[in-house]
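Both complexes below contain subunit A, partnered by subunit B and then by subunit C.
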Partner chain A sequence: MELLTGIAATGGALNSQRTRLDIIAQNIANARTTRGPDGGPYQRRIVSFESELLRSTDSANGAKSPGLATVRVSGVTTDPTPGQRVNDPGHPDADAQGMVTLPNVNLAFEMVDLITASRAYEANLNVAKNSRQMALKTLEIGK
Partner chain B sequence: MIAPVANSLNYQLASKLLDASVMRHEAIATNIANAETPGFRRIDVASDFNRALRSQFTGGRPPSPSDVAAINPHLAVDANVRTVRPDGNSVEIETELMAMSRNRVDHEFLTEIVSRHIKQLKMAISGRVT
Partner chain C sequence: MAIIGSVLPVNVQSLRPPLDLAPSREMIAPKGPAIPAPSGGQFGEIFEKMVSGVEQSQARAGEVTRSVLLGDNPNLHQSVIAMQEASLSFSLMVEVRNKVVEGYQELMRMPV
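For the complex of A and B:
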């Protein structure tokens, strides 16, 4: 039994949300990168989560219980949708027809995702704060 | 000789409910952590814990502390959720945060009760109010 209850679940979630924020930052930073390491335009990255069982809490009388689960990043995948093509003959990465393929990053979409991720991070921080207060109260028993 | 104090019904009840409140906090932490995991269903302390406790008090006379001690909380998937998102997730972050604040007040109250019981015992041993 841990002293700070629920901190394992919250810690995993904070890490995962941080990774998500990092990836969103990367997407926004590369919103106009037309030449990546592979020569093509930057492809938007997507973070996916999966839950991870921390411990099962089956009751003594054998009733099945779902158990406590944290969350972790299951993988970072590349969004395969093609990027927008614009006519810009002066661009160094323009093809023979003068068309440039831009990254498939949609700034509005990334901003919404950014806010969702930071709100989720905040909610988890709140849980951590509460765990701490509860632990302090528990330690005060008998004082 | 000390056993009757440590075994008093109120003390047993408070420590049982304290266990349940810690377990509920863990469940809420899990729910908030998985607020965006597709297919995750929110968990909570199983309602049969409350039901079992209440049934101990319906007979008209208080139950024995050992009966109360035999009831243990456990976690279960919450079957009464109002909404499920298209990705199969049933966590509402606002509800969870509300439940967490409420649970914290419960926890504070119960630690106080347990604490006072222990203080009372100390006072009886030492004969001093400190």
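For the complex of A and C:
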């Protein structure tokens, strides 16, 4: 019984946007991390999405539902741009010249990304809400 | 569910008066092509399938919600969507049941 059609596509989008929010949270949390597991400063991570075809559901009367495409995270890549270098000889991670390489995280960019991700999540939540309301309104035909 | 499916035809049969209604039935019968009998089996069977479908979706919703609450699944929306699906299929089932009971009561009120 498939009452909420299209909800699978929305679910995938919600998953992806939540992953994006997690990665943005990681970027913001590590905005001043000068030493990672590899010894270097933290490098900003970027989430990329790809569309994914849902399997088409064959209903009993032979009618094929359109193959909906949902979205999934295709990968988390590292932003290779070099970070800002500041002079701080007292820092434990300073090199021989007293320079410290900071992460390449720009808080302004991250905040903008945070807002877009949260708005995209909200938009998908509204799709889910709307499709539920449509189904409920349809049930009201019989009343 | 099987109660409604089995009781309904029996009572309709018992409501039929014993006299032969064949000529009058021919008169009121539509002239169009005969309506083929539904191939899905008895209504009781279909309704039973529907009830088990609703039960399955509720069990699935419970499972997803439990995994979210236990921390195995971080996707809160999956739990909410599963609960909504379960609630919708339950509403549809209640709606079908109401219609069946309404039709049955309408039949019982019919003066013969």
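The criterion applied here is as follows: the second predicted complex is superposed on the first by the 129 of 143 C-alpha atoms of A that agree within 3 Å, B and C clash if a C-alpha of one lies under 4 Å from a C-alpha of the other, contacts with A are read in each partner's own complex, and residues count from 1 in each chain.
As a convention for this text, a contact is a pair of C-beta atoms (placed from the backbone, for glycine too) under 8 Å apart; a residue touches a chain by one contact, two chains touch by 3 or more.
Fair warning: this is a prediction, and the values are worked out from it, not measured in the lab.
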item	value
Subunit B versus subunit C as contact partner of A:G142, first or second or both or neither	both
Which superposed partner A:L3 touches (first subunit B, second subunit C, both, neither)	second
Touching partner for A:T78 - first (subunit B), second (subunit C), both, neither	neither
Subunit B versus subunit C as contact partner of A:R132, first or second or both or neither	second
Superposition-derived comparison: subunit B or subunit C, residues of subunit A touched	B
Contacts of A:N87 with subunit B and subunit C, given as first, second, both or neither	neither
Partner chain(s) touched by A:N15 [first = subunit B, second = subunit C, both, neither]	second
Overlapping contact positions on subunit A, where the subunit C interface meets the subunit B interface	7, 10, 142-143
Residues on subunit A engaged by subunit C in the complex (per definition of touch)	1, 3-4, 7, 10-11, 14-15, 18, 125, 128, 132, 135-136, 139, 142-143
Residues of subunit C that touch subunit A when the two form their complex	50, 53-54, 57, 74-75, 77-78, 81, 84-85, 88-89, 91-92, 95, 98-99
Subunit B residues within the subunit A interface of the complex	22-23, 25-30, 32-38, 40-41, 43, 46, 72, 74-77, 93, 96-97, 100-101, 104, 107-108, 111, 114-115, 118-119, 122
Touch list for subunit A against partner subunit B, complex	5-7, 9-10, 12-13, 49-51, 54, 57-60, 63, 65-71, 116, 119-120, 123-124, 126-127, 130-131, 133-134, 137-138, 140-143
